Every structure is written in structure tokens, then in C-alpha cells.
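Structures follow.
Next, two complexes with subunit A in common: one pairs it with subunit B, the other with subunit C.
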Partner chain A sequence: MSQADATQAAPPKREKLFTADGTPLRKALERANRRRKLTALALVGPLLAFILIFFAFPIAQMMWRSVDNPQIVNALPRTLQALDTWDGQGLPNEAVFAALHADMIEDLDRPRREQTIGPLGIRLNYELSAARSAISRTSRAVQNFEAPYSDAFMDAHRLWGQPELWRIIKREGRPLTLSYYVAATDREYDEAGNIVKRPENRQIYVSLFGRTLALSLAITFMTFALGFPIAYFLANMPMRYANLLMIAVLLPFWTSLLVRTSAWIVLLQQQGVINELLVNIGLISDANRISMIYNQTGTIIAMTHILLPFMVLPLYSVMRTIPVSYTRAAKSLGATPWTAFRRVYFPQTLPGIGAGGVLVFIISIGYYITPALVGGQSGRMISNEIARHIQQSLNWGLAAALGTMLLVGVLVLYWLYNRLVGADSLKFG
Partner chain B sequence: MSAPEKRDGFVVFDGVQKSYDGETLVVKDLNLSVARGEFLTMLGPSGSGKTTCLMMLAGFETATHGEILLDGRPINSVPPHKRGIGMVFQNYALFPHMTVGENLSFPLEVRGLGKSDREKKIMRALDMVQMGAFANRRPAQLSGGQQQRIALARALVFEPELVLMDEPLGALDKQLREHMQFEITRLAHDLGITTVYVTHDQTEALTMSDNVAVFDDGRIQQLDPPDVLYEAPCNSFVAQFIGENNTLNGIVKEIKGETCIVELDGGEVIDAKPVNVQKVGERTTVSIRPERVEANKSRLDDDAHTIKAEVMEFIYMGDVFRTRLKVAGNENFIMKTRNAPDQVRHKPGDMIEIGWMPTDCRALDHA
Partner chain C sequence: MSSTTKLFGLSAAASVLALSAAAQDPVSLTIVSWGGAYTASQQRAYHEPYMEANPHVTINNDDGSANALAGLRAQSQAGNVTWDLVDMLPSDAQLACDEGIIMQIDHDEMLAAAPDGTPASEDFLPGSLGECFIPQIVYSTVLTYRPGAFPDDAQPSTIADLFDTENFPGRRALQDRPGTNMEWALYADGVDPEDIYDVLSTPEGVDRAFAKLDTIKDDIIFWTEGAQAPQLLADGEVAFATGYNGRMFDAIEVEGMDASIIWDGQVVEWDGWVVPADGPNLDVVMDYLHFATDTQRLADQAKFISYGPARASSAELVGQHADLGIDMAPHMPTNPDNYFAPIVLDNDFWVDYGDELRERFANWMLQ
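And now, the complex of A and B:
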């Protein structure tokens, strides 16, 4: 209502309009549109629900997991309270050990599925490698402990005598934590609780992010360099031949991943077709066979092949809509074929290049299976590390932190692209 | 229209043929000469090969056979960008990613002109088409008529001697089209450039051109100034294609010099001027313009043959009356009379007698 008043107060003063039966025009229009809106909602509803349940919700969950930290709070409420007064120097006093004892005893009485000591061990192990065995060994013996508890605990496992474990318990005894992000950026806490860089030999993730970025850029450029001429060729040939050739471009979509990968291995390995050929025609010596697979080269070659259609399709659909008359006009105005291409044709393909580039880049930055199969050690990307933490090391918090950083990174790049080029100029097809 | 004398025109097509598929000829033996400064229009139905001819002249298609000369030099092997021919395309082909000013600057930049020269020429060209205030707009921000003007300015800005236009006004509404027809002819004459203009609109061709080449089936059917084309079409196709036209079919009965007598299929006898008929007994289609049909006997020669007609429909059009008649079995015979005080307004069902000057009734080939 206030908005209606505002528009009516606008300079060219207009009277409120009514329909023939006296309802305000605005209301009548709204009523007429409501049905259409409901129909539209019903049509997109299923997809919307699908996306919410299987896309938006898991992403939100992942982001939550990267900071969620309930294990210590749940397992050691008394200990944390007793630790409140500890200054972080030396070992905590007997009261803290007594509280720890009480917490662990209480946990033993809980039904098995609600026990909190197991998760506590896993959680502490992320921060300190021996912590899990210390916890489990202690919890098996805790029933027989007698005061003074500090000696009993230190007898059960030497780790209880180390201030570091206590510092971790105190620091991470909060429902939310930053520690996964600290680890994901190759950092750690020092004794005073400051965030510092890890020793060089234990830094992995930052350089892995860098490598992922570089590989993705290389792949994007390769698909562009190979895809642009193909798309141009396709767009300028009669439809029936173009369709036939398009099938050849789309072929990677239709072959099974394993078949494709085996083909790459047959071709590219040290004893593979290409190396054999080069050795046989004497271009390289037997000792200097080129390694083209299980390294970055392998990742780039295979992913360029797989992602080529994502570049060719938007380019093709943009080029199809550029009439020949533009190039002809440029030539009739005196431009050489090259100038006509560079100054008139090429700029009009930019929406396609942008769309293809964004597609290929975003897909490849999160690509997982191909680098895992043909990338070896040096061709691994950040997604492989995420998968390792999900499947093997079972550090889901760290995986979530890495995943969230990847997601935010992609969003930032997209935002940058939008600022520089304008996303509304993208043409996906 | 003999070939040798015509070879010294500014633009010459000499025995040009064109085939796209190696099976059919789209252009069949085209001979054409355009004088310097002439405004020549290629007129013809869609698919008659007009665009193909223009594209061969511009260099975007190669002639399968024959030679094209520009200012006496054969240009078959000169690439398009070296021909220096200005061109206006049907969809204007303004570069969408450049402003109007940049569009006009383009031909000057590729010719290596300095910035101040360019700006001077661009302003002059824009003023010429009354678009001086639009240099910073993008083509998409202009109306169809404005885009048309810019396309024209761009084709002229580098001062070519020859300009080609392929149905440049096809996308405009009637009023704008008529206005632009006038503008284009004025500019072409003021600048003294040679223009080859393609259209399928005969009014456009008649009002704009010095000469019109009527195309059909890959051949020039007639090449003449507009008045000759309208008043003296040399075959049935041209008569039908240009202006409104009444036709009657019959057999030549008698030829005596400048007139002949034709017996129509219904048995009526009329006078005609033999144009495309050679001998007595030949079938012919006679053609009469609606405005040359006369129902008032006092305006006809005493010995003129007249013919019975039944009025089918009378349409009052303000300045003229349009009367549809049934003549010798043809129910679509049109008579156009000026709205004068003494003019009779016929009613459907009236039986009248009509006639014409023998020179206005042309006996052509049987269509």
C-alpha cells in the first residue's frame, strides 16, 4: 500500500484507476496474475525441490561441517570447566584430572551408540597423531583409577603428561572451530596459540590449490586453442555435414570413462604407441622416452579431450548466429581477410569464448576422476586431496574446509569475471 | 545494345555465367554495361540471380565463365578488399560491437588515415545522412531507418566510385522507404557515384533509376530507362512484372506496319501494336495498361475497334476509379479512370464498350 502511495505521489499525478466493477486496477491485475504465477511455480516446483534437497542442502551441510566441532564439548564438559582456570603453562592441576576421570566414567555408563569417547579420540587425533590410542587405552583402564588421578592417567598413557594435548583440549573445547581452515591453509597453532605457517615440508594444500588453478587455466586454454578452429569450421559448413562432424566432437561424452582412459594409457605410456613410434622413426632414443602419462601432461591431455565439447558447443552456437555479411562488409570496406577476422568476426565470438571458458574452467577446477586415473603424483588436483580425506583419512572436517575454499574460490572468480566482462554477455547455447 | 560498344562502360559484365552446383546456371550469359555516374537498378523476382550478380561484382562469388571489368580492368582475380567498392547490405551488417563512429572509422583505419582526417570524414558522412548526433550510439540503439542511413554513410565514407546496394530498403515501412528512396538518389547524384542497386520492388526501381535491368531466370529481359520500361515493355514478362497490366490472349490476324489486328479467343477483334510477333497466325498475348483503357467513345479514333465489357465491380479510390471488367472471358480486366466531373461511375452489371489507342495495346509473345 505504501508503495502504491509512493508511485501515486510521483510528479505526473495520476488518479487511482478502477475496473468496471469498482475493484482497484492494481488488485484486479494481481488477481489475474496469481493463477499464472501458481502454474509457473507448479512447473518449476519439482526441480526446485530436487535442487534444494540434493544440492543446496548438502552444500550447506558441507560448509557447516567445516566449522562444526561438537566432539570435545560433548565428551568432556567437566574437564573443560576445570580447565577454565588453567593458564596453559605446564600441566593442569589434580582437579582437572579428577574432572577428566568423572567425564570418562560417566561415558562408560552411556549406551554404546551414545558414547562420546570414540569420536573424541578421532577428533583429537586430527590435531595430535597419538591421541586416539591414548584415549582408547585410557578409557579401557579408567574404571580402576584411584586418586591421585594425575599419576593414574600418566601411567595409562604418556600423552597425558604432555601440555600440548591439554592445550589442544582447551583450544578445541568449543562448539565451533577454525582448526580445519587453519590446516587447509598449511598453518598450525604454536605453543602460545598463535596461527603460524607449517614447516615447509608439511605444506601441501596451498601449492595444490595453485597447481589446480594452473592446470585448469592450461586446460581451458588448450580447449580454446583446439576448439575455436573446429567451431569456426563447423559453423561455416552446410548443416548436414556440420551435424555429422559435431558427433565426432561429442564422441568423448559417449565413450565410457574406462575405455577412454585405457586408450590414453595405450597411447601415452612409456611403452605406448606414441613413444614406440618416435623411437622407431629415430626422433628420440630408447633411453629418453617421453613421459606423457601419470603426470601433469597426462592430466592436461586427457582433460582437454574430455572438456573440449564444453568449449566447442557454446562457440559453435554463437558462431552460427554471426551472418557472413559482417565479414563481407568488413572486406568490402577494405579490410584484409585477417583484419576482418580480427576486428569484426572475433569480437563477436567473445560471448561464446567467455561461456566456454567459464564452463571448462569451473568443471576442470573441481574435476576428480581423470586426474586420479592418469595424473600420477604431479597431476593430482585439489579434488583428489578432498576425496582422499573423505575416503581414506576420514577427516571430513578438513575435506569440508578444502571443499568450501574451492567453492568460494570459484564464486570469487566468477564474480571477478562478471565485473570484468559481464556475465549477462555469456551465451551457453 | 550491341556488346562491343558497351565494353567501355565503367562497370561491364561480359558474357558472365554463374553456377553454384555445376548443374544449373543461376546467371546465364549476362552482358551489361553501366556508365560512370549512372544509377542502374537490377529488378527481378526473388531467385532471379540479382544478388549473385552483385556478389560477383563485389568479389564474394567468382564468375563461372565470362569477365567482369571495372573501369576497363578485369577484376575477376582481384580480392574483394582491393576492389574499393562500397556496399550496403540488406540487413545493414553494421558491426554490433562498435559504435556508429567506429563503424564509419573502420574503412578509414584500414586505409591508414590519420585521426584528424578520419574524424573530418566521419562527421561529413554522418551529416550527409543527417545522423551527425549519433556517432556514439551502438547500432542496436538505432531504429531501422537510422541503421539504414548509417550503413549508407559507411559505404560512402571512404569515397568509393562505385556503390552496390542489395535490397537496402527491404526492411523499412512504406513511408520511410519512400523517403529513403529519395535520399539515396539525391546522394548518388550529388556525389556523382556510380550505383548498382538491387530490388524486387518495381516502384522503387522506377522512381530511383537512370536505367533498370529486368532480371528473370538468370537473364536480363529488358534494360531501359524507367519510362521506356513501363510504356514499351518488350515482352510479356516485363509487361506483367512492371506496373499493373491487363492481358488478353488471341491470334494475329493481320499485320500492317505499325499496327496489327488480333482476334481474341472469344472471337472479338482488336487493334494492337506488334512488338514481339512476327507473322500472321501466331498466338500472342496483348498487354494494355489499365489507365489507357477508354470507355468514352468520343475520345477514341473513329475507326478504332471497340470491344464489349461487363462491369463486375466499381471501386472508388478517391483520385481514381478502378473498374473491374469482364472482357473476352477475362474477369480481371482493370480500367482506371481519373476522378473527373464528367467521368461515368459504372455499376456492376452495366454493359459498356471499351477501346484504346492501337499504340497502347502491345502484342507480345504468348505467355
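And now, the complex of A and C:
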């Protein structure tokens, strides 16, 4: 306050101003400002560090894995050099086989943890089935090989006689690769090295992405359709009843995921409660029980239930702030109840719908436990495949490529949302 | 208590510990396995007797085997190996072995010989030992059915009946992976068990298997978790379900579920130990392994769960179920009465062709 007074007093003479203890005012101001900034930084510092360490860094690492390709370069330096002059037609010459022999012999002398042949086999098997056993079987016999090496290698495993394996070694013999993205978009390299579509019976990821998008949109819409009336009801009732009912809405949060899912199985399966009821009251015949689980319906029902609170909460908090008088005013000016709702009330709930929609959509895109349990074959999502590649097939490169594509997809959708609706209008509560 | 006295108390406790540790350091082993009835059987047959004989060792169970491959790789890459011993399938063990994240095993050097002196490498069942893998049990994936779903005079008895929706209508619960399903499709289509993997390594063979699976596709419910299969049968949701024979034994004999096992075409596989490289307590782990994989211990495990011991010398020692008192021999996959048409799962094949076939299988499921 005193500084502000001093500044206001200053202009006429433009003399240097001093604070009470004799430091120049400008300096004192700067110091105070710096201190304030530092305090602010120190307050957000932990969060910033947390986000960097547990969020930004792992994501960057994941993206790096999707192009990182050290296995072939590490294992076969001589072979790759010898392959430099190979034109990709037919089989490479004897010099290449000799170089491969030298590479494999050298690897046998390394300590086990530094051996490169095992990872090489696993890496090549992603591109060509049985390449792993070609590598490991050859490696076991390679010490007894004698020139001409080409014959010895082809005797050890048939794949050494196939140009395709050599083309893969040459193409992927670089520290960075696109091949995980090629696979993640249901594509592959043809003989000339062009990227083409995979045979139809091996395409899965593109359609899974599409299905994930469609299922997530359906779930988002369902939570909106169910959540809007609930939120409206809660927002327009006395606080103490609203709080009680809110607990009911929040119950799914406090129930174990597996219990919730099992409950849905008991309710929805063909011998389950709902079907039993329908058969007993004669609505459907015993032979025509409805399939409501182990398919897309199952996924949508179970996930709508789980994600409903994420829609209701932002909607509720927005609706609470909408004054009743606006709707009354509209009615007093001659609007029918429907018009008053449509043109006055509903537009004011849009920030809540936007926030709830974005929350539900983004969460459901990454969900995988529930779809795995109740989705059967048609209710699965892309996250199920990502989880499988992380946990079972151990193809982390492909999992990273799929994960990166999912992340970019979500960011693009968010950007679109921001362009169309405006992210600053979001209200989370 | 002030902080100084607390500190004093702590250091006193530490010095007492240090004194007793002079004899033998207390060691705590983390052993990763499948959880449920399976871990319980290991606890009673292996862990408890070992801890009794070695009071300084404490064994902690971790139910992480389903994701053990990812866990092993993550721990190895982070340079912080916390698991001492891991129970996994041989195909996963092969992958981990290729990556160099688990130890190579010299079976005769590290494992006990049979009571009659037969070295370990000859006592374990043929083909079960791996470069980095020590088998414990033989388990099988079997076809199970609900007798009530069919008339008394027309009960199913073969794998071919699984694919015969005309004579044996009803839904079928199959595991959501190509393994076992593709083998059975070919077997039901008339391929000899010994030739199945030769046929399956050709594109025509794969097409043939999918064509056979197509015939029952509309009647399939896919299960993911081992516990789902008996559940689907018990709820009457399906007429047939495939499942692990130990789980089915448990559901039928212990829980009293009305179901029967078809041993025809059982798909036989091993399960066993691997040792993470650079684990913290390798000496103790090796001592434990020597104990837990000897003839008597493997036979003991069969008292608690219906999986067959992986050693030939254990077979005659298999007795009765510890709690039910029934003879376990007739429930073993390796019992001659059950082992008449087994398909031995070829792990080398699945490590080589698994990725490609899983893609095709996923594509087929999506169609």
C-alpha cells in the first residue's frame, strides 16, 4: 500500500524513490516480486516434479520404445556391413554368411547378460514367425560350422535360405525403426520394401481402434442419457436429501471392481436374474433367452454403470449454480416449459456436459479389465491388446506404438473439442 | 517415548538381531506363483517343510505369475531384482531365457537325484526340462461337460463331440487364445496328435483349423481367467467348457459341481520354476530348489491339487488327497487311464508362431 502511494506521488518530479530503510524502490519491488515468484514456484514445485517424474518421463520413454530398435545393430555389426552391397534379390553371397558366422561366434564369448543373440531372435520373430528358433538353433550349432558357411547355415535352419529373412535383417538393421507402427496400423513391408496392407485375416488393430472409439462414444452417450436426469433431480431437491442420494450415485466408486463385474454377470447372463424373470413372466421363451453379456452390450452396460458418477458429478455441480429464476423468467415471458428448458436451462448445463463427456470418454478409451471380463469376443477394446503385448507377448515396442497412437488420438479429439466447444468452458465442479 | 530412547531401543533391537544372525542371517524369499489353490498346495508341500527345516528362512508368496514375464523384464531393466523364484509356463520361460533375464540351469548339478540314484536329467519326464526351466507339475487343459445338458444315452466323450453341434447342442466356453483351440480343431478334423504341429506350421493347416473352429463359432463364449470356466459350467451358461484339470477337479470333487471330464485329447503342459538372474538370495534359492523339486516333495504336492508330478520317480508315491481322503492317482493327467490320447503342447512352436497365430485368432474373433 505504501509502495503504491509512493508511485502515485512520484510522476511529477521523476526523482529516485527510496523505501523507509533507504533501498531504492525499484530494487525493493523487484526483490519482493522475486520472492513471491519463488514462493509460488516452491509451492507448485512438488507437483511439477511429480508430473515430470511420474507422467511426462514415462510417456516420453514409452514413445521412445515404439521406435527404439537396438537388437539387430548390436548383434550383427559385421553382417550388416557385409549386407550393404546386397541388392535384396536372391540370397546374399558367402561373405555375408561368413560375417554372420563371425558375429555369432563372438556373441558366444560374451558374458550371458550381455549376449545379443536371444534378443535378436525375439526381435526378428516379430517380423517373421520361426525366426527365433532359426537364430537359437543356429547359435547352438555355430561353433562346429565350417566353410562354406552358406551351406552350414541353410542346413541348420531352412529360414536362412529364404531371402525374406535377409531382407528383414537389412531393413531393420538400424537403430530406429518404423516397423512397430507399420504393424500397429495393420500393415507390412512387401518384397520391394513398400508398406502395404496385411492380408485381411491378420488385420486387427485398425478395426479395434474404430470399435474402441464407437464403444466409448456409446458409453459416453449412455452416461449422459442416464446421468442428466439424475443430476437434475439431485440439483433441484433439498440439500439433505440430495446428499443422501449422492451417496447412492457414488456407491460404484466404493465397490471393488470385481464385485461389481460379478454382480453384472449374475444379473445379465442367460441363466441370470433378468432372463429368468423374463422367462417366468412369459415375455420370452426358454429357448430364446437374451444375450446381454459376453458381447458389446455387456461392455456398454457394465462400463456405463462404473463411469456414471464421472458424468453426474460435474453436471450436478453446474446445475446447482443455475438460478431457478432464469427459467421462471422465461416462463413469465411466455415460453412453454419445454422451450424454457431447451433455450434457457439446457444451454447453461453445457459446461457440465462437456466436462462429464470428456472425462467419461477418455477414461473409457483406456479401460480394459471390465471389457476383458464381460466383453466376450465383440466387446473388447484396444487397451486389451496393449495390455496383452505388455504382459504376455512382451512385445513392448508394439504396445508402445499402439499406446502412442491412442494418446495422439485422444489429444487430437481434445484439440477438436477445444476448437468446437472451447476447453475453457469446461467445469469439473 | 522421546526420540532418543526410541533410537536407543532400535539400536538395541538391531544388536540383538545381529547377535542371533551371527549363526545364520535371517533371509526372506519372495516366491512368485499363480495364487489360489495352486499357491496353497506349494505352501503346504514345499514352503512349510522347508521353513521348518530352516528356521532362518521366511517365504513370502506373491501371486504375480500371470504377469511374471513383464515383471521379470521390468525388474531386470531397472536393475532392482526383488523376486527370488518365479513359477511360470515353459514358453514364457523360453522367452525370458532368450532375453537373459533368468538363470541357466544345470539340472544334474543343481537338482536332487531320484532315490535310486537316477540323475535329475533322466528322472524328469522326457522333454520337460528347459535351458532355464525346472518343471514341477504336469497339468492339462481338458474338455469338461455338464451331463445334465445331454440325454443319458447320448453323453459326449471325445473332442470331436465339441465340434458336433448337431448331436451335442449348447454353448461352449473356450479360452480366448489360439493355443489348445487350434490343436483341438485339427484333432477333431482327423489329424493324429503327433502330426498336429507339423500341420499347424503350414498356412493350409492354419486355415484348416480356423475352418473347423468356424463350425462352432456362434456357440462359443470366450473366457479369460481360469476361474471363469468352472463358473460358466456351474451357472448352466454352457454345456461344454475347457479348463485346467486342477480347477475342474476342485470344482467337481471339492465343490461338488455336476460335471465330467473328457480326457480324450487332453493338452498336456508343464509348469515350473525359473530363477531370476541377479536375484538377492541366490544361495538360499538354490538350496530351496534342491529341496522343493526332489522326488518326495513333488509327490507331496499331488496331495493338495490334482496336477501330476514332473518326476517319473514321484508317480508311485502319489497318495490320497490330504483333506478329502480320496485316491489322487485316477485324477492325474498322467494316469494311464487318462493319458490315452494326449496332445503334448509344443512350446517351441508357440514361441515361434504364437504372435502370428494370436493375431489371426484375434482377427477371427472380431469377424
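Throughout what follows, the second predicted complex is superposed on the first by the 399 of 429 C-alpha atoms of A that agree within 3 Å, B and C clash if a C-alpha of one lies under 4 Å from a C-alpha of the other, contacts with A are read in each partner's own complex, and residues count from 1 in each chain.
Everything below uses one rule, namely that a residue touches a chain if its C-beta (ideal position, glycine included) is under 8 Å from a C-beta of that chain, and two chains touch if they have at least 3 such contacts.
None of these values were measured; they are calculated from a predicted model.
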Subunit A residues touched by each partner, larger count belonging to subunit B or subunit C: C
Partner chain in contact with A:P347 - subunit B first, subunit C second, else both or neither: first
Contacts of A:S325 with subunit B and subunit C, given as first, second, both or neither: first
Which superposed partner A:G334 touches (first subunit B, second subunit C, both, neither): first
Contacts of A:Q203 with subunit B and subunit C, given as first, second, both or neither: second
Contacts of A:G376 with subunit B and subunit C, given as first, second, both or neither: second
Contacts of A:G118 with subunit B and subunit C, given as first, second, both or neither: second
Which of subunit B and subunit C A:S129 touches, first, second, both or neither: second
For the subunit B and subunit A complex, residues of the former touching the latter: 58-60, 79-81, 83-87, 89-91, 93, 95-97, 106-107, 110-111, 154-155, 158
Touch list for subunit C against partner subunit A, complex: 66-67, 69-70, 73, 95, 97-100, 104, 176, 201, 210, 220-222, 224-225, 228, 235-237, 277-278, 348, 351-356, 358-360, 362-366
In the complex, subunit A residues that touch subunit C: 112-113, 115, 118-119, 121-122, 125-126, 129-133, 136, 200-204, 207-208, 211, 269-272, 294, 372-373, 376-378, 380, 385, 388, 390-396
Of all residues in subunit A, those that touch subunit B in their complex: 323, 325-326, 328-337, 339-340, 343-344, 347-348
